[in-house]
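What follows is a pair of complexes built around chain A, which joins chain B in one and chain C in the other.
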Partner chain A sequence: MTGPGWLSVVTAVAGKDLRIEFRTRSRSLTMAGFVVLVGVLFNFSIDQALVRPQDIASGLTWITLILSGLIGVGRTFAIEKEDGALAGLLLTPAPRDAIYVGKVLANFLLVYAIVLLTIGVFGLFFRLDYGNHPGALLGILAAGTLGFVALATLFGALTASTTLGESLLPILLFPLLVPMVVYGASASGRLLAGRPVAEVAGQGRMLAAFAVLAVGAGAALFGQIVEE
Partner chain B sequence: MKARTGWLGITLAVLGAMASVGTLWMVFFWVPTERTMGVVQRIFYIHVPSAWVAFLAFGIVAVASGVYLWLGDERADMAAQAAAEGGLLFTVIVLTTGPLWGKIAWGTYWTWEPRLTLTLILGFIYVGYMMVRSAAASPEQGKRFAAVVGIVGALFIPLIHMSVYWFRGLHPDPVILNPEGPTADWEIQATLYAGLLAFTLLFLGLMTLRYGVERARHVLELREAA
Partner chain C sequence: MTADPAHDPATGAAPDAAPRRADGLGVHALRRRFGPHVALRDVDARLPEGSITTIFGPNGAGKSTLLKILAGSLRPTEGSVTWRGDALDPRAAEWRARIGVLSHETHLYAPLGARENLAFHTRMHGLEKPDLDAALARVDLLDRADDRVADFSRGMRQRLALARTLLHDPDVVLLDEPFTGLDSHASRLLEGVLRTLRDGRRTVVLITHALSEGLALADHVLVLVRGRVAFEASADGIDPDGFAERYHGLVDAADVPGVAP
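Moving on, here comes the complex of A and B:
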């Protein structure tokens, strides 16, 4: 192949998406606002006489990741529709899987930044104690975020070209997120409760498998979705 | 519809219907009432074969989708579509009979029991599969999109299965497919096998007929275009 190398396509696509985001801040600002406001609403949804916020914070974090991620990743191909940007990208000799991985990388960095904000905001709102194993918690969330973003980017490309648009995305995505929520919420919940890291190693491995499967399936099938 | 496809479909469906009637006779008049669960256990002979067909259909969807994306053969897509519609029908039967039995055996209509949960998720994947097909901008795009959803769904089903199992287990232990061999009485086994045969034939018949309809539509479209 005489075109650009695989890795340089990945970094070029990711760099382009991140540069657009850095200049417009359209997705990051809406996602950040969403996360803070959802934290406020969650706070008022918990009757503290019945349940401690710390006990359900782990699950709320994952649900917030999914919902805020939908806002961000759902837009990623709406941007590409303007001025036929994606069509131009596909005319280049860039391999389809490299374009996909580039988009996943950019979306991952964006969503993970929002996850970090969620951790901070929820920690403040719900008085969570991250003191025990912050590294393990961040690793668990990174694996979950990567798997989520990989699936959401694949199905986002798909739903963007349908008549139903982004409203179809949750229907396709949510059933496949069951393993991520099961293992992710359990692992982060146990870490927040101060349990040892060894107790969540199995969940961590399953989340990693989830992420690898999602990225692999996406890279293999993305070409079928963007093909004209 | 090609005459051969039509006759095959009708033959399979009629055989399946006859076997279903036979199974119903066995369920209501022949098989002895199970000792611990009582009469409600008889729903098992409808429930388990439906679940088998629901997952068989999903396997067909995944394989046919892969063949379609690989070779671009329209017939593979039609087979996938036909299997998905039949599969959703049997998924609905599983999700109806399961809670009816559960209300009496477990005291609740719904519980997050792994196999029930997995079947519910499977049903949602089927629904997404059909929505994508109908919401695509062009029929060709719908076929490719549906195939992608079918394949990704099949790739994730094992992981979903492991996770819901890990989350919670309450389902009765297998009485047929367990490592020590079947533990159920032979009448129970015979009735279950009759049900499996009946529903598999019925499903294959319905699928073949649905496939025939889709082929006929395809031929008609080609003729109109010409």
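Moving on, here comes the complex of A and C:
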């Protein structure tokens, strides 16, 4: 008996989650709608004669990433709870860390697509100049998104089995996101201000390390959390 | 009341001294608590290999708890499980590759099609080139293979769940109330599929309230009442009417205040 391959389980779980999302659009439409509404509200609430949007765009982008991500990732286990799908998944010999990484992969692709939408919406409303290093900015946001999604998926599994459910998720998650937001908002703010990439390389490495640590910790703990 | 392996004049059950195959699944002094509630109380039982063991019992008797422990979904508070006489860790991946579980919940993804659900399950078991068409035909769902499960009736979902349960050709099949909510057509189809499992190779544990269906399929019978084994016997030559009378007597006795637990 060979058992399922680790990578095969990762791609199967991610593919299944994305296929379900593509069909139901339950999370992506809500997240996209939230981003557009936030863009509209920020557009009206910020007096652009007094404040340069370029100076606050980084912070707004990270806040939007986290809040819209919470909406999406918070519901990642909703479909798994229907008719005991997760319980069925756990009755198979599939490695628990591979199931977790598959869900993180699907959530990352979903949230990162929303991050790209956020950049587009904010660019439209605030006429932002993404500077000379859009690739570096996207890289910083990708590392931040991965770190966020890794923790949110893990805590989403934890809170899905509680009566408080999704309302408990931000309370558990936000304190752990502080270092990521500090490094991420600072790095992307500098890039938006036109500073050189070398100036944010250290912050980028810290973000990447945070993301790797979050995925590793999530993979190690997921099995303990979802099993009784 | 504990198991009485002696010949039972009421049911006609034969002594169960000679198992069909050595040991099979065994549970020993199994105890499971949920807070102050004790679901299983020092359960000792043997579920012979290569046969169908039907477990009867009223609601709250601990049947599903026992099945979940065998499936590795729940840990016992005390006691152990053995397979062929050796200690078993029901949470081990090797064990999970050998079992198929059908429970109250279908474990299906409603937005996916029937074939997609089975294909996903094969990936979780690492199966190579599974014959999904044959699996769907076995439960009479081949013509609905590409339809979403969300559009299926309860009976169709249960049939698909059965196909998923058996897809990886498990050695041990654990079935929790598989007849619940099924119409007569689906019940007959399910019964037919369950009969095919009686191949002498597979160990089947069936939990049901349906005395006649459960008895008709059983090689071995177990009755749980209030978390204890109240009756255990081979199903050979068992008289259905006598068994029903005995079963209701056991359940009624347990309901009398002061008699049980």
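One rule holds in what follows: the second predicted complex is superposed on the first by the 225 of 228 C-alpha atoms of A that agree within 3 Å, B and C clash if a C-alpha of one lies under 4 Å from a C-alpha of the other, contacts with A are read in each partner's own complex, and residues count from 1 in each chain.
Following the convention adopted for this analysis, contacts are C-beta pairs under 8 Å (C-beta built on N, C-alpha and C of every residue); 3 or more make two chains touch, one makes a residue touch a chain.
The structure presented is a predicted model; accordingly, all values stated were derived computationally and were not measured.
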{"item": "Touched partner set for A:E227, first chain B, second chain C, both or neither", "value": "both"}
{"item": "Partner chain(s) touched by A:Y183 [first = chain B, second = chain C, both, neither]", "value": "first"}
{"item": "Partner chain in contact with A:S45 - chain B first, chain C second, else both or neither", "value": "neither"}
{"item": "Chain B versus chain C as contact partner of A:A217, first or second or both or neither", "value": "first"}
{"item": "Contacts of A:I171 with chain B and chain C, given as first, second, both or neither", "value": "first"}
{"item": "First, second, both or neither for A:P93, with chain B first and chain C second", "value": "second"}
{"item": "Chain B/chain C common contact set on chain A", "value": "227"}
{"item": "Chain C contact footprint on chain A (complex, rising order)", "value": "1-5, 8-9, 12, 16, 19-20, 23-24, 79, 82-85, 87-95, 227-228"}
{"item": "Chain B partner contacts - residues on chain A that touch it in the complex", "value": "151, 154-155, 158-159, 161-164, 168, 171-172, 174-176, 178-179, 182-183, 206, 209-210, 213, 217, 221, 224-225, 227"}
{"item": "Chain A contact footprint on chain B (complex, rising order)", "value": "69, 117, 121, 124-125, 127-128, 131-132, 135-137, 141, 144-145, 147-149, 151-153, 155-156, 159-160, 162-164, 166-167"}
{"item": "Residues on chain C engaged by chain A in the complex (per definition of touch)", "value": "71-75, 91, 93-94, 96-99, 101, 103-112, 116, 120-121, 123-126, 148, 157, 164"}
